[in-house]
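Some structures to go through are shown next.
Here subunit A shows up in two complexes: once beside subunit B, once beside subunit C.
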Partner chain A sequence: MVAALGLVRRGDAFVRRATHYVLLGMTAVVFGFPLVFLLLTALRPEGQGLRGGLLELPTEPAFENWARALEQMGDFPLLLWNTTVITVLSIAGQLFTCSLAGYAFARLRFRGRDTLFLCVLATMLLPDQVTAIPKFLLFRQLGLVDTFYPLVLPTVLGGAPFFIFLFRQYFLSLPEELSEAARIDGCTPFQAWWRIFLPLARPMLATVAIFTFLATWNDFWAPLIYILSPEKRTLTLALAGFNRTYNTAVEHMMAASSIVLFPCVLIYFLAQKVFLRGIRVAASKH
Partner chain B sequence: MSALFLPLVLSTACTVDERTLVVMAEEEQLDSWIVLEDLAREFEAEHPGVHVRLLPLGGAAGAQDKGKFMLAGDLQLDLLRIDITELAAYVGEGALLDLSPCFEADPTWDPQDYFPSVLAALRAPDGRLYGLPSTFTPYVMYVNRDLLHERGLEFPTPDWTWDDFLRAARSATRAADGNGRPATVGISLTQWLQAVAPWIWQNGARLLDDEGRAAMHEPAFVEALEFLHGLLHEERVASFDASFQNQLSQGLFQAGRAAFYGPVGYWETYRFRHIEDFAWDVVPLPRGERSATAIAMTVYVVPRTSAEPELAYRFLRRMAGERYQRTLARIGNGVPGLIAAARSADFLKPDVAPASEHVFLDVIPEARFLPPLSNWRAIETLCQAELEGILLVEDFDVAAACERMRAKTQRFLDREARRRSLPRMAPWAVPGTLALGLGVLVAIGLFRRGRRPVAWRAREERQAYVLLLPWGLGFLLFLVGPALVSLVLACSEWTPLRPFADKRWVALENVTRLFSDATFATSLKATAVYALVAVPLGLALALALALLLRRATFGVGAVRTLAYLPAIVSPVIIGALWRVLLRADDGLVNAGLEAVGLTGPAWLRDPDWVVPAFVLMSLWSVGAQMLVFLGALQAVDPALEEAARIDGAGTWRRFRHVLLPALTPVVLFNLLTGSINAFQIFAQPYVMTGGGPGDASRFLILYLYQTGFRHLDVGYASAIAWVVFALLALLCLVLLRWSRRWVWYAAETPS
Partner chain C sequence: MTRLDLEQIGCTYGTKRVLDDVTLTVADGEFLVIVGPSGCGKSTLLRIVAGLASATSGSVRMDGVAVDGLEPRERDVAMVFQNYALYPHMSVRKNLSFPLRVARRPRSEIETRVRAVAVKLGLSELLDRRPAQLSGGQMQRVALGRAMIRDPRVFLFDEPLSNLDAQLRTEMRGEIRRLHRELGITTLYVTHDQEEALTLGDRICVLHEGRIQQIGAPLELYRKPRTSFVARFIGTPAMNLVGGEVQGEVFRAGSLELSAPSLPNGPTTLGIRPDELVLGQGPRLTLVAVERLGRETRLECELDARTRLVVCLPGDVPTPAPGARNVGVELRSEALHWFDAAGRRLAAEL
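Let's turn to the complex of A and B:
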């Protein structure tokens, strides 16, 4: 174990490397396995998903499960479009609001800053369920139930406390001289944010974008409450419909799951590098 | 910026036709949806100027709760499908429209068209009729014909008894391998209250006595449950799974490894029709002292707030009419309430298994509903914990559990009776609290204003406030406001079935109730144990993985990707997946343990192992924490480590004295976020266990949620929410204080 941590003295290089690769392999298997299993189940004929021999390759892969899942989900392009619109707007909202707030908390001096930032942190502790009903009644008052507003508006107004925190940490890590230089050049704080700090924050922007993407894409609870019309449904709502009181077909559920999961995996693979960089910076200080 | 183009893209405000009928009655993905749409178009053609809007129910997880949100928000809803166990609660809160006048005025209405007992369940004692049945099902027993035949057993006759059943179950049970695990069991038992009720009734016992008081302590009741307990733990002829929605019990029968499966309803035929390996059928439940069975049913009702009660009634008649009822029967939803549809080939399906579909009709005379009373869905959750305890735990005091069940139910009934007499809350309570809250915020702002800064500072300050505006508005609107409202709710008694204005004042009773609430105590303990185990283990694993993956050797990139992958999977999918992986008999986790010579526990079925199961799952999703460690490790100056190496520091000492100090800030970060997440665990238990077995996985947020939407007690739920918040805040404060002793910041201190 210790050897694999890459910390031992030179000499027993072979043992060290062997252990390292064995551990790597084990990690890959343990973490990758459940998803492989998901795919395998999705490929089994209906009614066979929960039978013995969980790891056997299906003799005749039931690709029709995907077709059937797509069909059952309803108007798939529309679902995809709705989910995409909500996700893109949420990302834009979070990036705008959180980077602004994070910047203000990190780089500007004003009275009440620490108290307000404490408020931001405190909201992380409040479970969503506490505010669910009052928030619903509010949107109902505003006549916005069954629109995308309740799903998007809280990202533009408010933003997630965690992301504000991340942005603040990031902007704190940038050299103090940047603000000075901007001030001497006659930039207002807003201009400094837009011209100097935001471009520098690209890794953080990517990180928050991906986090928001995942959270919005996978969100089930908010769409369930706020979306009523079939033509405004999202992918997760359609997915949850598979988990019915009666008549659940696990194979279709898994097939549908893999369809919903696919874009997440794809985006993650594509954006991995930037994403990792953002996390590193966020983590470097507290 | 983004606020500018929002209105363009989101211009989805619904256009209202002249008259709209809003129907939320079915799930969109069933084949019946197309027929329902057909019905709607037909209806529109016959009623010009009327538009029927069909809203899908949200699938099993959300079906019962979405309608409640709509009623609470006073949104137009004209026809709604609910479960019969909730009917009394809806009626009790005055949420439904009495349809008797419509029925009486309708010349085409003939009550004889429907099964009398089924229709009776929809009637109030004074004869008011609140809706019509969708489909229903009596509980029966599913039988593996081939397995019985193989063991030389007769197929049960319709009047078989408990003794016949026990004999058959004994001979059907066979141990497979050396470790005593049965290859086949007599019966795969179902466990929820409705499924257990038949045994109780057959033994001459009852749930409530004649005065409507809980009667679970009566000897005949205890005896019936002792019989079930005996099947599992003395006779060892039964298998039982406490997993949510019964999926694993089905699986056992489906795999051909149980001779009987039940008591359970018609809905299983849908899944079992894929069984090819053996022949199966249904029989009435074996009879005890008398014959009895329970009925599950969904019904269509018209909310009191309906804008179009007249049209709603007419459409209701169509949904409970022959064409649609036959459709529901054909797709296997249940027995149609309409007699003509139930006797049609669409229900009896002569060429599809089971051969004896008529059994479902035959047992109707002896079938009963749970006693008409407020909110059986809530009582079911209360009893569930004890029922699962009785069935799962070998040395369990059944009588004591029954007594606890009685006490819990009675306490619930008492509260229900009392809530109608509570004083109404003043209408200014909510606006008053909001104004007060705002006032306090402004006062704090003014009081702590401090010295007026120099000129350029003042400009910066103004601009800072402008930049914080988007956040601040949302903070007030979506957080402070709703939180204050929920504070008012915490001092009130309110259910989403009543208009929001109709809240009852209970002062601090909701908070004092917490102290005597055993379920809350269990819930708190389960959550604390989970957090206490999952957080440190998660930290350790994340750190170990980060150390393993910190240097880019061959394959590290791929493994990093894989290790993070689980963190991006939606909790709904994770839940569905792990429910299968953690199966006791043939789940992958136990298969893995067996491969290294260990016998795995029953995980989700075992009250002692269900929390560890959730810990295990949380470890699988440890990727985000790992990345944070990885980031921090890469930020450590390699020269430092090299210097330590030259000074002769060994592996451990370099880790302990060079890496670990540099990591302390992120350890704190992961510790805080990890604790917050652990305390707020909800989606996984919601999808996987529903809180069971017993109360073992009823974590705080899940309990809060179930209190609000199942027990329809939003006031108490709000009180719980505030307690969770306070506890979390306290925990974070303690962690932060404690961290001052060990967090080490590099040369620069945070500004």
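Let's turn to the complex of A and C:
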């Protein structure tokens, strides 16, 4: 009887495990397919981009597509520099303002704090497209169109309520005594944030940095609206340049896309653990 | 050296009154322990003194100057927390030096002070470790060190030993007492452990439901509790309290009858410490249980269905077997405490 029960339990565990793997496998296929398609297409000879089956292996891989893609993108080092500058400034700004705001909502006591936090959260409901025109008019008024400011300032000024929420949750998960000890030891609220809370929020900083990196690096919408001069273009704008009415070289576009995508994939895999830890902490408290 | 005055401190959270008209003075260099059960308001009182919480009414004065509107950093107080509150990302050295670094003291002074405090607390070997690599006792030492490094006007302790095991607690108690003797800094210490209060305090303040029950020297509280609450709270095992009534100078509680000259008529509670009871001539009780602890023997006796008395006899002494009836217990009149219906000590002592 006991042995039979053991067998049934072992069988159950096997079924659970198998279901788990099948589901994960299917998800991996769904998410992996575009990446595989991109690489296979990038390897096809010129003019053969979308010919043949979607996942058909090219008989003669055309590695020269990457060289051609770089050539067609224009001044690649300049594009890379522009995108990097915007991304780095956005990350720095995002980390500074969101962690500071999150700290204030978590640890400072002031009248209307929770209402204000709800208002900040409510802005998450507004899609970018809704605020695009007022924002554009504002930046035009300020004479900042065709500069990097409209791409960086919204993040520096705390335009990411979700990250503020993440930081708030993280700071709430730290013991109250830490901020009290810091106050007793002579810290102002800003010093407590800078010296105690920020160093303790490393997992969250990493998470927000990665999120911001992915969002800014891949952003096409904002550069399309605000950047006009060719020398200020970003990588995503250059990618869009491959799209022509009559003769889009899909294989070159895919090769260029893989170059632009490479840092994102690399960083995601390198920082996967930190990224997930941050999300888990934010999800588990309050 | 600082004198600390709390004047009519009141604190209300919503409709709940946490502190009610608390007035006390801690003299220069005195070690005052605030003791009371959980939720009596003692930690709130400490936080008000520290500046971490605000009183609804009343005032905190240091050397006669009101500090109510001041931030903790402006009050120059140091606090040791129950959970140590060490900064987990800093080494012991950085934890100790943190208040001095915030105050922008010269590097040479910081080094000297850290070294001196580390020697005093036996932390010299641990200076490069992180809090996670320390034991509970070591963490508590670091917390003490961080508090004493900047020579504050007042030390505040919020149940600092309650997370330690019994042996370490006794050790740290001695350490805190020694440090206080050496530094002579005015100290306010909060605990729920009456034994800790009795061994540490120059004076003890017993707090119950936000009100001061009694302030006095440890033995004064033990020998002359002003209320039945203090009588029960101070001393282990707790004082025996027997509820009864006085009529015509005779106290009656069930089958117990005692002469109670000069006590007013009415409901009265008789209190007697377990170690003041001896076996001998007196009321006859039923022995319910015997606990042998080596240094003392505890007898639990039943007077009637609703009244039990604990008797503590020094050493390991022969006793009747549990279940024995007619065990005589002697109630010496000088050992009796009397409380009125409201729990206040009655002036007449027999």
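Just so we're on the same page, the second predicted complex is superposed on the first by the 250 of 286 C-alpha atoms of A that agree within 3 Å, B and C clash if a C-alpha of one lies under 4 Å from a C-alpha of the other, contacts with A are read in each partner's own complex, and residues count from 1 in each chain.
One rule holds for everything that comes next: contacts are C-beta pairs under 8 Å (C-beta built on N, C-alpha and C of every residue); 3 or more make two chains touch, one makes a residue touch a chain.
Since we're looking at a predicted model, the values are computed, not measured.
Enquirer: Once the structures are superposed on A, label A:E177 by its partner contacts, choosing first (subunit B), second (subunit C), both or neither.
Expert: In the superposed model, A:E177 contacts subunit C only, not subunit B.
Enquirer: Can A:T27 be said to touch subunit B (first), subunit C (second), both, or neither?
Expert: Touch status of A:T27: first partner only.
Enquirer: Counting residues of subunit A in contact, which comes out ahead: subunit B or subunit C?
Expert: Larger number of subunit A residues touched: B.
Enquirer: Looking at A:L116, would you say it contacts subunit B, subunit C, both, or neither? Reply first, second, both or neither.
Expert: In the superposition, A:L116 contacts subunit B only.
Enquirer: I'd like to know which partner A:Y149 touches here: subunit B for first, subunit C for second, both or neither.
Expert: first
Enquirer: A:F136 in the overlay: touching subunit B, subunit C, both, or neither? Say first, second, both or neither.
Expert: first
Enquirer: Pick one for A:P77: touches subunit B only (first), subunit C only (second), both, or neither.
Expert: Touch partners of A:P77: none, neither subunit B nor subunit C.
Enquirer: State which residues of subunit A lie in both footprints, the one left by subunit B and the one left by subunit C.
Expert: The answer is residues 188 of subunit A.
Enquirer: In their complex, what parts of subunit A are in touch with subunit C?
Expert: So the residues of subunit A touching subunit C come out as 175, 177-178, 180-181, 183-188, 191, 195-196, 199-200.
Enquirer: How about subunit C: which of its residues touch subunit A in the complex?
Expert: Those in contact with subunit A are residues 47, 50-52, 71-73, 77-79, 81-83, 85-89, 98-99, 102-103, 146.
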